[in-house]
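Next come two complexes built around subunit A: one with subunit B, the other with subunit C.
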Partner chain A sequence: MAETPEATPGGFSGLTGFYERAGGFIVPFAATVLAFVIGGLVVAITGHNPFAAYKAIFNGTGLNWFFPWVQGDDRTHAAVNLEQTLIIMTPLMLTALAVAFAFRCGLFNIGGQGQYWVGFIAAIWIGTHMSGLSRPVHVLLAILAAIVAGAIWGGIAGILKAAVGAHEVISTIMLNWIAIYGGQYLFEPNGPLQGPIPALPRSSIIDGSAKLWPIWKMEGVIQVLHAGIFIALFALVVYYILLNRTTLGYEVRAVGFNPEAARYGGISVARNYFLALAISGAFAGLAGGVDLLGYKFSVDTSDFATNQVGFTGIAVALLGRNKPLGIMFAALLFAGLQTGTSTRALDPTIFSPSLATDLATIIQALVIFFVGAEVLIFFIWRARRHLRFRGAGAQA
Partner chain B sequence: MSTNAPTAPLGGRLGRLTDPRTLGSAGIALGALAFWLALPPWTVRTVGPSIALGIFAVACGIAAAPRGERRLGWGAIVVGILAILGAIWLQGVQEATLKNILTAGLLASTLRFATPLAFAAMGGIFSERSGVVNIGLEGMMLMGAFFGIWGSIWSGTWVVGILMAMVFGGLLALVHAFFCIHLRADQIVSGFAVNLMALGLTGYLFSSIYSSGIPSGVSRVPNVTLGWLDSIPGVGNFLAGVFGDLNLLVWIMFGVVIASYVVLFKTPIGLRIRSVGEHPRAADTVGISVYGVRYTAVTLSGVLAALGGAFLSIGFTGTFAENMTSGRGFIALAAVILGKWRPGWAFAATLLFGFGFALSIPLQREADISASVISTLPYVLTLIALVGVIGRSIPPAAVGRPYVKQ
Partner chain C sequence: MAEAAFLELKGITKRFPGVVANDRVDFDLRRGEVHALLGENGAGKSTLMNTLYGLYHPEEGEIRLNGKPVRIGSPSDAIELGIGMVHQHFMLIPVMTVAENIVLAVEPRNGPFLDLAAAEKRVRDLSQRYGLAVDPGARIQRISVGQQQRVEILKALYRGAEILILDEPTAVLTPQEAHELFEIVRSLTEQGKSIIFITHKLNEVLEIADRITVLRQGKRIDTVPREGATQEGLARLMVGREVVLRVDKTPAEPAEPLLEVENLLVFDNRGLEACRGVSFQVRAGEIVGLAGVDGNGQTELIDALTGLRSPAAGHILVAQKDITGASARERLDLGVGHIPEDRQVRGLVLDFSLAENLALHDFRKEPDSKWGWLYPKRLIERAVRLLKEFDVRGGKPQTLAATLSGGNQQKVVVAREVSRDPKVLVAAQPTRGLDVGAIEFVHNRLVQERDEGRAILLVSLELEEILSLSDRILVIYEGRIVGEYGPDVSEEELGIAMTGGVRGKAA
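Moving on to the complex of A and B:
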């Protein structure tokens, strides 16, 4: 046996089978409900009204736009918030795919955040250094650069995993921090890619020819929903086809199910580890590119430490069970949670946004706990039936 | 794949000297020496000796690499080249600057940065030795950091702070243990959720309790002043600079490292923990409670990690910030792997990473390098170490696998 990576210390390969088996939508749904209930308890214990808080957060998501009875000013607000939710949902779907694809190979890619930034930075470089191109070419070039950069960043972890068996959880976390501090360096004052204003730790704004096309313009709204959401939806399809209809996908899933069996069947486990992480990185890099070209257009060094889109992507992938449709709905949920708890959308007299942001993190954690422990959900489900049965017995 | 190389035809002692393993190790040592020559207290101000040693190191590596010691060989080559480049670069640096960077204070600061890592790494070793992966160390540290300062403010004394940190770190670990052991959730996913939970919970409580910031004058863990070290002839000054004024928790950390080694490898308890991590069924058969051992070990890991977190808040800085652990739990985990799940080696690895953190401070002051670039140092170091000159590490056999009683 030549260089063969050892089994992950996490024994992670069992997970994919676990997720395949239960399928369905009851567990994710129950997990979400349970998470919100416990989150509500936290709100209640700390002396706030959970119902009012959740209602305010829901109205902040803009999803009430779909209710026909919301009219007038409320409707305008709802539209603005909904647009924001969809803007946030776009990269979340892609970073979730970055997690999901590696998952299917039995790998846990926590590096979505770093891969996102590397893609973002590559797109900035193309967006600010290639003036004079026509718009479709410029956009395409920037997106390709983002994909390639993300793939390289993910591929580093992949090579380390494949060649020396370095645990991907740790290597991707380290690559995250390197990308974050590296990004800060590039755009800080005197940094190599800093924008035109010397005192401002900010990049230049990308050329107009590199911007993605807006698709939902509203009066007085700065951040406009852009064509990136179609790219993300298309990526969901690509993910599905790549995984289920190609040889590559077959091998990746085979390694994910059981690396030993796959190796016995003549599949190179090392090669698939590398490819899975590189493709994962490509998805996350695309997320960065789409975010930049779609609505950010430039970056401030303070963004690097605060942005969490890569980490939220993990929660989205887990809740969405690595399935395209599941990821879409889970992304909508978490994007809504993020918009709904933002300073702009949430009424501070009802619930403080700084608390709400952390509440959103708690809910995310709970969702992951419960999705990860399906046994618990089934147990509660059974216990409920059991209780009802006993209750009926007592009445008789 | 460190197969025994065929004995060289020369045989005997010379044969052992040309053994690829010896050659590779010697190459790495020579490379390190080449770089060290250019540093104080030697500070050889000509580049010649360093280059000569560096080339020798590379030669050793080239000799060793094709003969079955790929990792050591390539390690020697890389170290040799880096040493030559580093020595050339150092010629351009003022000697005074070097002396300002490399002080006894740097070593003391290394210990300070290594302390939270070492606590968490010891916790990680206990958990993983019992067969439960714990990537939730980061979150448990964060719990320790927050509840340490909360207890300290609430009661006015750091003792309660430390106790609170241990209690809440242990509680979070208990949640992780429950999900991993009884609910048989995936351990990495559960650990990730633990991190997220700690991040959200401490952030939430921090914003709601200390909305106007942490008050000043928090009761902090005191430093232990060893004045008598100074009076030792010769090395006294240096020793006092390193050990003379360390935080009490640093000394506790030394104790924990030694205790971890003793407990794991010299007591029946340690044997039980390790047997549960290697072969739970066999352990169960001889009457060891697999669940009991795992619950204890994981909870202990949370308590230790929380001590590390408490050091960050009430030992080191006297304040708290959201997500103040910033990846230290994961670095500790890397130290566990690097240290091959052994307390002593893991501690050595945390010293290496601590040095990375410690070096970044004087480098920012003295050298004209961006602070952001220097901040990547510990993370790059972790990555390089993970790829490892040190060799592949093999985890406990049953780590990550839930155990089902029969």
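Moving on to the complex of A and C:
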């Protein structure tokens, strides 16, 4: 047997394992900081003051609401922006969980977007076809429908993987398109679920009894923060417990880390692939349900083409390292970037919002790039040390 | 031999994060000698030699060749200085011929083209000169492992090596091939080449080395001449304490058959017959050794016994119960324990904690879990008990398995399998890559389990292990059991049977 003098045996997994132990938050944090620094350089090159721009974006997120010295009109503004940030953060946490759970089983679920939409559509159907139910029952029913629909959508990819070995990346991407085009078909004029206005490619608005409870009502605010954020936070807890406190989670993690050892230990790998993708789909379906019942209340066919919440969820999971708290902060970051640079929230005299949206995209891309390049950073680090030793050797 | 050393390594120190792999190690080499570098896994043997070969750069120390300090920054520097290394894992291109591999990067040319005829001629000359029989025109993928090793040696000689580093060269060889290698080594030293022989096998050292340097935990412990060295003495230097090399055991008292295999036909991954009608029995209270050269159907047989591969025909009975169609999980529950061939692939989930690894077979049952709800505290309680009983060092229940040394990882696997009280224990290469101390532990534990009435099937490529543990020995060759022997059979006789020359009683 070869000797492995390194303190981190086990090749690549040993390397990442070392990182986990070294404090999993360092790299995502450094990646974020680095992304903001480079984004700041871009701002400086375009002739703006990066500090002023970042301050304006920060204020645009509404997070300044937490500062006690922000008062009066500023405070009202901040509150409006903060509500928006939290509304956007809610589904991101859930679609990130959809990626994270599959990932812990060694699968890459890119189907969050499609699973989101089928959950969304299932909730629309319940929200528009079950009049007369009491509010808790109606809401619960719609949410369950969203979860089940998402689970089925993810489960299809899982069955394909388990039965014939179809790669989940391919099948979930295809299922995304089926969900997107299928959704457009349902709500376009003369579509089976089109709303009451014949010319509009839009669904009906769900019954009031199916709407999630608003939790932060303010005057003049159209999109009010809703109870969905509690559902998403609760889902983070469920995710943690499911993985770490149940035999199901034990199996999923065993398969994710080492399918061969799991199989040898009597765990059915195929069954866990199916379950992991179905549960992932349930999280993404829940995201769709919560968005609809919380603040969207209906859907326009154009939404299907523009909405990216499932894909952003991949980035959130990556940055959050598939950990509940990590996902929470990563979702806040991505949601904040989105609201902070929106036309409505950003002060146009400091930084043009159209530029700022691009800046937000740049920063998001850089964050993902750096987190993804983590191993690269590690190697650069090692190579640097290596060169230093060689240099020292040459002088000796 | 009386000549002074022409290669000297002085005070070599190499650190890796968290470990000092070499701590001021001195080493020297005389012309025409075989100098063995002996030590347990992780003692720093390979690190030292990789330093000499230019793969690592030491933080301290110097290398002198013919009295002059040299700097070896890369393997090409080493080759230029006449140092060649044959790694444990060969670095040959399977689809190319022997000659093409040997001349790679220093090809004889005819204009812009490779002069293949000249290459083959040079290879033939070299192989005749040193008695290394190979066919220059054969493709690497078609020749045996022993021959591939010769190609590696020839490659080094072709590049002008005066010093040859052989890294655990016998690990992949059959006993006969190992003998042939020793012949080659002798003929090389007669012609003035010097050999550094890395190993952890004591018998080899005494057979081939002129001098022996023992490393332990990165430090040089001693350098001794072969004359007067004993296995016991060397083992003590290696491990740092007295080691019992012989396995102490009483004659077996076999009782009823617990494992019965009848006419088992198993296909390998390519759909070829790997086991062609294998039949044998293992009775309670005996260790049956299955000897054979790697790739003669052992892996497929183990897979079939443990339920990871379904046999095409035949039956497997455990305590008279037919388990041929049972799943891996059902077999575990019916009392089949398995120490797998590769602990890092099958034996352990390296990213799981020790407690989780120890629960791998039982996490679905009480007290580990109930109604799908896992009780991590109970996993830890069990782990505390087992880690103590099996003397696993370097880890708490919450430690990740990846951070343990190989020996301690194997103890975890043994602990899990044995603690489930199996009727049948299939031990595949249970001491592969382990150091002397851990081997001693595993061997004694297997004998102890035998004495408690388990039926143990020991599959191993190490004849020494088979001979020291088994009460009965079966030889597998090309998917068939070709011989059955008592525990007193000689290594030579087994070696002949393993390569197809049947002498023993066919089972």
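Just so it is clear, the second predicted complex is superposed on the first by the 337 of 396 C-alpha atoms of A that agree within 3 Å, B and C clash if a C-alpha of one lies under 4 Å from a C-alpha of the other, contacts with A are read in each partner's own complex, and residues count from 1 in each chain.
Throughout what follows, contacts are C-beta pairs under 8 Å (C-beta built on N, C-alpha and C of every residue); 3 or more make two chains touch, one makes a residue touch a chain.
Values in this document were obtained by computation on a predicted structure and should not be read as measured data.
When the two complexes are overlaid on their common chain A, residue A:Arg253 makes contact with subunit C while staying clear of subunit B. By the touch criterion stated above, A:Ile368 is placed in contact with subunit B alone, subunit C being left untouched.
Applying the stated contact rule after C-alpha superposition, one finds that A:Ser171 touches subunit B and leaves subunit C untouched. Judged by the number of subunit A residues each one touches, B leads among subunit B and subunit C. In the superposition on chain A, A:Asn244 makes contact with subunit C only, while subunit B stays out of contact range.
Residue overlap on subunit A between the subunit B contacts of one complex and the subunit C contacts of the other covers 6, 8-10, 14. If you check the complex, the residues on subunit B that touch subunit A are 71, 128, 133, 135, 175, 179, 183-190, 192-197, 199-201, 203-205, 207-208, 211, 326-327, 330-331, 333-334, 337, 370, 372-373, 375-376, 379-380, 382-383, 386-388, 392, 394-395, 399-401.
Listing the residues of subunit A that touch subunit C in their complex gives 1-10, 13-14, 17, 21, 244-250, 253-254, 257-258, 260-267, 386, 389-390, 392-394. Subunit C makes touch with subunit A in their complex at residues 14, 16-19, 21, 41-47, 57-59, 71, 73, 88-89, 168, 171, 306, 308, 327-330, 332, 338, 340, 344-352, 356, 359-361, 363-364, 369, 372-374, 376, 400, 402-403, 406, 432-433. Considering their complex, residues 6, 8-12, 14-15, 18, 42, 46, 108, 110, 160, 164-167, 169-171, 173-178, 181-182, 184-185, 188, 190-191, 311, 314-315, 318, 352, 354-355, 357-366, 368-369, 371-376 of subunit A touch subunit B.
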